[in-house]
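Next come the structures, one after another.
Here chain A shows up in two complexes: once beside chain B, once beside chain C.
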Partner chain A sequence: MDSIVILFITGLLGLFVGMRRQAVLSLSISILGLIFAGIAAYFRGTYISPLASYSGYIPTPSNVIILLCVVSILAVLGGFQRYKQDEEHTGDYLSLLLFSLCGAIILAQPNDMMLFFIGLEILSIPIYVLVGIEKGSATSAEAAVKYFFTGSFASAIILFGIALLYGATGSFQIIEIQSNLAIGIWQSPMAMLGSLFLLAGFVFKIGAVPFHFWGPDVYQGASNAVLMYMSTIVKIAGIYAVLNVFGQIFRDSYFFWIDLIALIIVLSMFYGYITAWKQTSFKRLLAYSSIANAGLMLFALSDILNSNILLFVAAYSFATIPLVVINQLANPTQDAIANWEGIAWKNPLVGVALVIALFSLAGIPPLAGFFGKFSLLLAAVPHLPYAAILALVASVVGVFVYLRLLILALKKPTVQTKQSLSIEQSAVLLLTTLGSLSALYFI
Partner chain B sequence: MALILLPLVFSLIAWLLPSAQTRLFGLIGTTINLFASLISVYGFDAQDQLFIDLGLRYVHFSLDSLSYTMIILTNAVFFMVYLSNFKQEITSKKRFSALAFLMQFGLIGVFSTNSILGFYIFWELTLLPIFLILYWFGSFEKPKALLQFFLYTLLGSLAMLLSVIGLLQLTNQQTYEALLAADLNAHGATSIWLMGGFLLAFAVKIPLFPFHTWQAETYTKAPTAGTMLLSAIMLKMALFGLLKWVLPIFDGVATEFWRWPIITLGLIGVVYGALIAIKQQDLKTIFAYASLSHLGLIAAALMLQNEITNQIAIVQIVNHSIVSIGLFLAAGIIESRLQTRDITQLGGIAKVAPRFAFWFAAITFVSLSVPFTAGFIGEFFLIKAIFNAHTLSGIIAATTLIFGAVYMLRAYQIPMFGPTKNSVFEDLSWSEILVFALLIIAAIYLGLSPKCLTDFVATSINQPTL
Partner chain C sequence: MSIGTSLDFFLFVAIALFAIGAIGAMTRKNMIVLLMCIELMLNAVNLMLVTFSTYYGNGDAQIFVFFTMVVAAAEATVGLSIIIMAYRNLKSIDIDMYNQLKN
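Then we have the complex of A and B:
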């Protein structure tokens, strides 16, 4: 709870500070706020918080909050180059981002379905705005509108699911819903329908097949800076919400929905990776790869207690953010994979970060991405053996998607030019690379 | 511990060092590694087992005499690669040194790790540097051949990952000793499938017959140093995995099931590789198929699970490393001086370069397994073991001696003594002579007294369970 308050106050403060139109000042305020929010989450319970009585409502684990804050710091730093271009709006952008992060923290694990819905909306609405910050661009406007409509649609479906669930159990409290369902209500058509609606809404939010259609268009229209944030934070918060809801509320109907989940996983992975293979736009490629990764994340549902989803989403974020930062360098105005040719040669840090990030996404040990995948599959194999085998086959296709990008980026250019990095970009690349490399020591 | 981590440290240093010093640093670094391993083995009793804990959850290390043998082989191979390519452009590149040391780290990890996941991690870790070395320094016009290599290896690796996960789930154990103690025979068909996953990964790496198509293409397009690394030491990971991990752990139902299929594939490789090698024009292609032929024999013999045969297989593994470094060095020397490896374009080199002719002849004889070289001991006993198990298979395996003579003598005779086509050929430099001499000495020493090696590894092969 303290973290949310800190973030919210920082956001408000950022709005006022933004009026001074000093981009670096806005940035420092936001980063400080994020750091303090992380620290507050880390020391939660060891000091007497004035908000302690509220903490029961949002029992999001500390490590999730810390991960969300760290990823946001990386995303803010990585995208700062873009945010500071609109000097009069830098503060607004950063504040929107912080508000949205509040929503993400609430969404990750509320104990009440109303809070859950509020969290979802707080997370989404600022992102609708952020997607549209390229005011001159038609694709950006299209993306914002599309994201808004599909997102609202998903929210409505989730709301409908919550309503059905309320009808079946007579409560919004997650524990109460669970205990009511456990005595057999989960077999009632209303509860089953409610669970399906909720599942559909979630699949929509994390962007897995069959509700993935908004992904590529929205990713393509969003600017790189926003992409860093939305491709990571929304996924992290979304998957924790799914785990919380399905692991808690519907754990008695496990055998009712687990086959459906297995189908979604396999379809998402094959569709995502196969479609990513022929993309010419980096952002679309990232979108399809994120569809596949969303499928992989759902493996955590098969065995919630034993799977280490935190590691997976952390590895995914630490690999995606540097790639988008590099895309920002390679494609300042356009968005074509062809522009990636030889990018690794223009700056040593870019080269190393790129190789590590792509191999981590591809799941080559000993990088973080491998351990993320490994921990999920290790827990999932006893429950979903065939889905796990198919997922491994799909990831071979995935490796080639990333390898194609790598080969292009490593091609030695005939004329060698230098690409300079700003301080914050170097920091992001360095931190994410170290993070991906040091996974072996954290498991 | 220093033994394992030194290459990683060197890799970082090579990356940070200015380019001018890279060449020298590479040679010094590999020398230090080699001496570190030799000093370390000096104080090591063959009966012992050395546990090293770096505080990691999934990766543990333990060194026994088999690990030591393979580590020394690795370090010696890297030293030889640096020494033999000392004058080439490739060793002056920072990237190559950093990647080569990283690969050395991965290989040593494979040979010394004690947990099944660690084995997989290091196995895959070696893939990353070799891919980049092939990509940056190879002559792949299109990435297709390279992608083929990567695809094959990756499919194998993923099958292995699945088996590793299955094994972890089934036994709930991850260290080598605990897996040996776990009784997999009770799981029947499941253990057959799990072993199949490992075997697929190994069959791609060794390579066995239907999975070999990446080999010739990759060997010919790779830089000489890369080919040496691939053939002299990377492929040995698979044989090591078979010998140390898979056969003892799955001993029983699964090995019974897979024994004859693998032996058949190995023997098909023996004959098929040799027959193709006879018709080839490109020196590197000939040697690549020769490698297919020789390794098929080792893999087939390992499947017999006979203690003596396993010891001899180690001799043959070491011998194959010696031979492949020597042969690919010779091919590389011809290529770098005449810009071609096509034997129809070559001829009469012996007249202008007598020293090269001598050393190339020597390494050719080692590869032909003439008596008093390690190859003789290796091939003779392996063929004998297969013959004892199944007469017809033994006869098929024995053809490798005849075919080997055909393609090797052809590959030697036409460039060296054929009608003169190359009147200018710069003779060997000191570093190249040194490499050849070291290789030949090692081969003859092993040929005269293979006992020093077989006795050393005997304990780890005979008593895998502590």
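Then we have the complex of A and C:
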């Protein structure tokens, strides 16, 4: 069966099982569904999805679906402590998460603008709800309101871009749009305006610089459990959609657009890392770090065939999730970096996972984050030499941001206290650490 | 175009509606009005899609319009419930009151 169908059925089942108000039962059903969806993607073979209604359909690559499912399993497990707090709604939260994952899988390989828009909305709408799960908190309400309005404004902008591109080319299928743009239509004002609107909407969604302002507020107001899901899955699906849509649309106007992309990349990286310096809230720091990483991901647009974006997004997700889990331990109620002091000494697993995750995010050599960054920049250097050099400079600034966090976490506390971990949290920390280290195996 | 008007006419109306929606979404303070502005933007795009569909003589865009309507309905549902949740917390639907998140 198709992974999307499995996830959808699991989500529906989860809604009914959720009525029994047994958090562990809901959790195990969701995890089983996610595992089966990953297995179904792996053993897909020549199976053709029911979504393939026409001959130009290209299914989402199996490895992307498997990555999305694995990251979702980690996010569900890591956030389970929060989800089980209100046992009435555990099933609802997990089902919303699964429905949104269906959208992410559709969005990761759009062949048709219609499918692409639907995927984007299926991904976004459940996340608007999930951001507001702390119903009694004013900050969570504020984050939900801000995310909803900026997100749906961006959707409308993207839709306008799609309509203009349709007006210029007369088709919604991305392959046909490309072949029509190739015969010179890309120079028409309508096609250019359409591409520009589409690009603006995308930059909004993945949170790169000119339209990044919603990121820090939304990340700060969202609960840690939702943050784990939101900061990884949206970025993965978003960057694949960018590559697939703009890889085709920009193919014949590459030299016209690439300077604009380079500007977005450099601004995002410098702005993200420099602003992350003076943050006092961990969630805001993570948001600025994710702005910088969104900029880095866009390097893949410079050479789509040769760049290995999968490695980069996998490394980014495996480094972000443990940090948010540790933030959940350090800041159960507040949200301040000062509470991270000495967290690494309270539990050996936390200490190891924290050091590995921060080194991987900073791009220190033997870890996955380094190889992700290295392969992206290596493919980009022939096309965007100056942007690549500036990105390296910005990365050095980024290393200091992460080291500052590391030094705080490694400060020896005067009073020895122990921090106990639940089973699912230890599993997440262990798996992500192994994931970051596994890059050593491939050398 | 059987009713004697040109394609441009419909496109100008659609772009004007979209611009009104976009400017409203950026300048208005009341959240209900903001939601209406976003709906206006989506509906302007619908008009545009139908116009292009007539111009090219294929029905793809008319099917797209149905999807857009469904998405707009889903967004309105979620948006209104988020506004209700926010109102319960801050007793206001003025977007400027929501400024507590900062460093």
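The rule is simple: the second predicted complex is superposed on the first by the 427 of 443 C-alpha atoms of A that agree within 3 Å, B and C clash if a C-alpha of one lies under 4 Å from a C-alpha of the other, contacts with A are read in each partner's own complex, and residues count from 1 in each chain.
Please note the rule applied: a contact is a pair of C-beta atoms (placed from the backbone, for glycine too) under 8 Å apart; a residue touches a chain by one contact, two chains touch by 3 or more.
The model shown is predicted, which means the values in this text are computed figures rather than measured ones.
Student: After aligning the two structures on chain A, examine chain B and chain C and state clash or fit.
Tutor: Verdict on chain A: chain B and chain C fit.
Student: Using the touch definition from the top, say if A:Lys135 reaches chain B (first), chain C (second), both or neither.
Tutor: second
Student: On the A-aligned overlay, A:Asn306 touches which partner chain: chain B = first, chain C = second, or both, or neither?
Tutor: neither
Student: Angle at chain A, chain B to chain C, CA centres, as a multiple of 10°?
Tutor: 150
Student: In the overlay, answer first, second, both or neither for which of chain B and chain C A:Phe172 touches.
Tutor: After superposing on A, A:Phe172 lies in contact with chain C but is clear of chain B.
Student: Look at A:Tyr441 in the shared chain and tell me whether it touches chain B only, chain C only, both, or neither; answer first, second, both or neither.
Tutor: Only chain B is touched by A:Tyr441; chain C is not.
Student: Tell me which touches more residues of chain A here: chain C or chain B.
Tutor: C
Student: Enter the shortest inter-chain Cα distance between chain B and chain C once the structures share a common frame, rounded to whole Å.
Tutor: 24
Student: Which chain A residues contact chain B in one complex and chain C in the other?
Tutor: Comparing the two interfaces on chain A, one with chain B and one with chain C, no residues are shared.
Student: Once bound in the complex, which stretches of chain A touch chain C?
Tutor: Touching chain C: residues 113-114, 117-118, 121, 125, 128-129, 132, 135-139, 141-146, 148-149, 152-153, 155-157, 159-160, 162-164, 166-167, 170-172, 216-217, 220-221, 278-281, 284 of chain A.
Student: Per the contact definition, I'd like the list of chain A residues that touch chain B in the complex.
Tutor: Of all residues in chain A, those touching chain B are 355, 359, 364-366, 370, 374, 377-378, 381-382, 388-389, 392-393, 395-396, 399-400, 403, 407, 410, 412, 440-441, 443.
Student: Under the definition above, what is the set of chain B residues touching chain A in their complex?
Tutor: Residue list for chain B touching chain A: 56-59, 117, 120-121, 124-125, 127-128, 132, 135-136, 143, 146-147, 150-151, 154-155, 158, 161-162, 165-166, 168-169.
Student: Flag every residue of chain C that touches chain A in the complex, lowest number first.
Tutor: 11, 18, 21-22, 25, 31, 34, 38, 41-42, 44-45, 48-49, 52, 55-56, 58, 60-61, 63-64, 67-68, 71, 74-75, 78-79, 81-83, 85-86, 88-90, 95, 98-103
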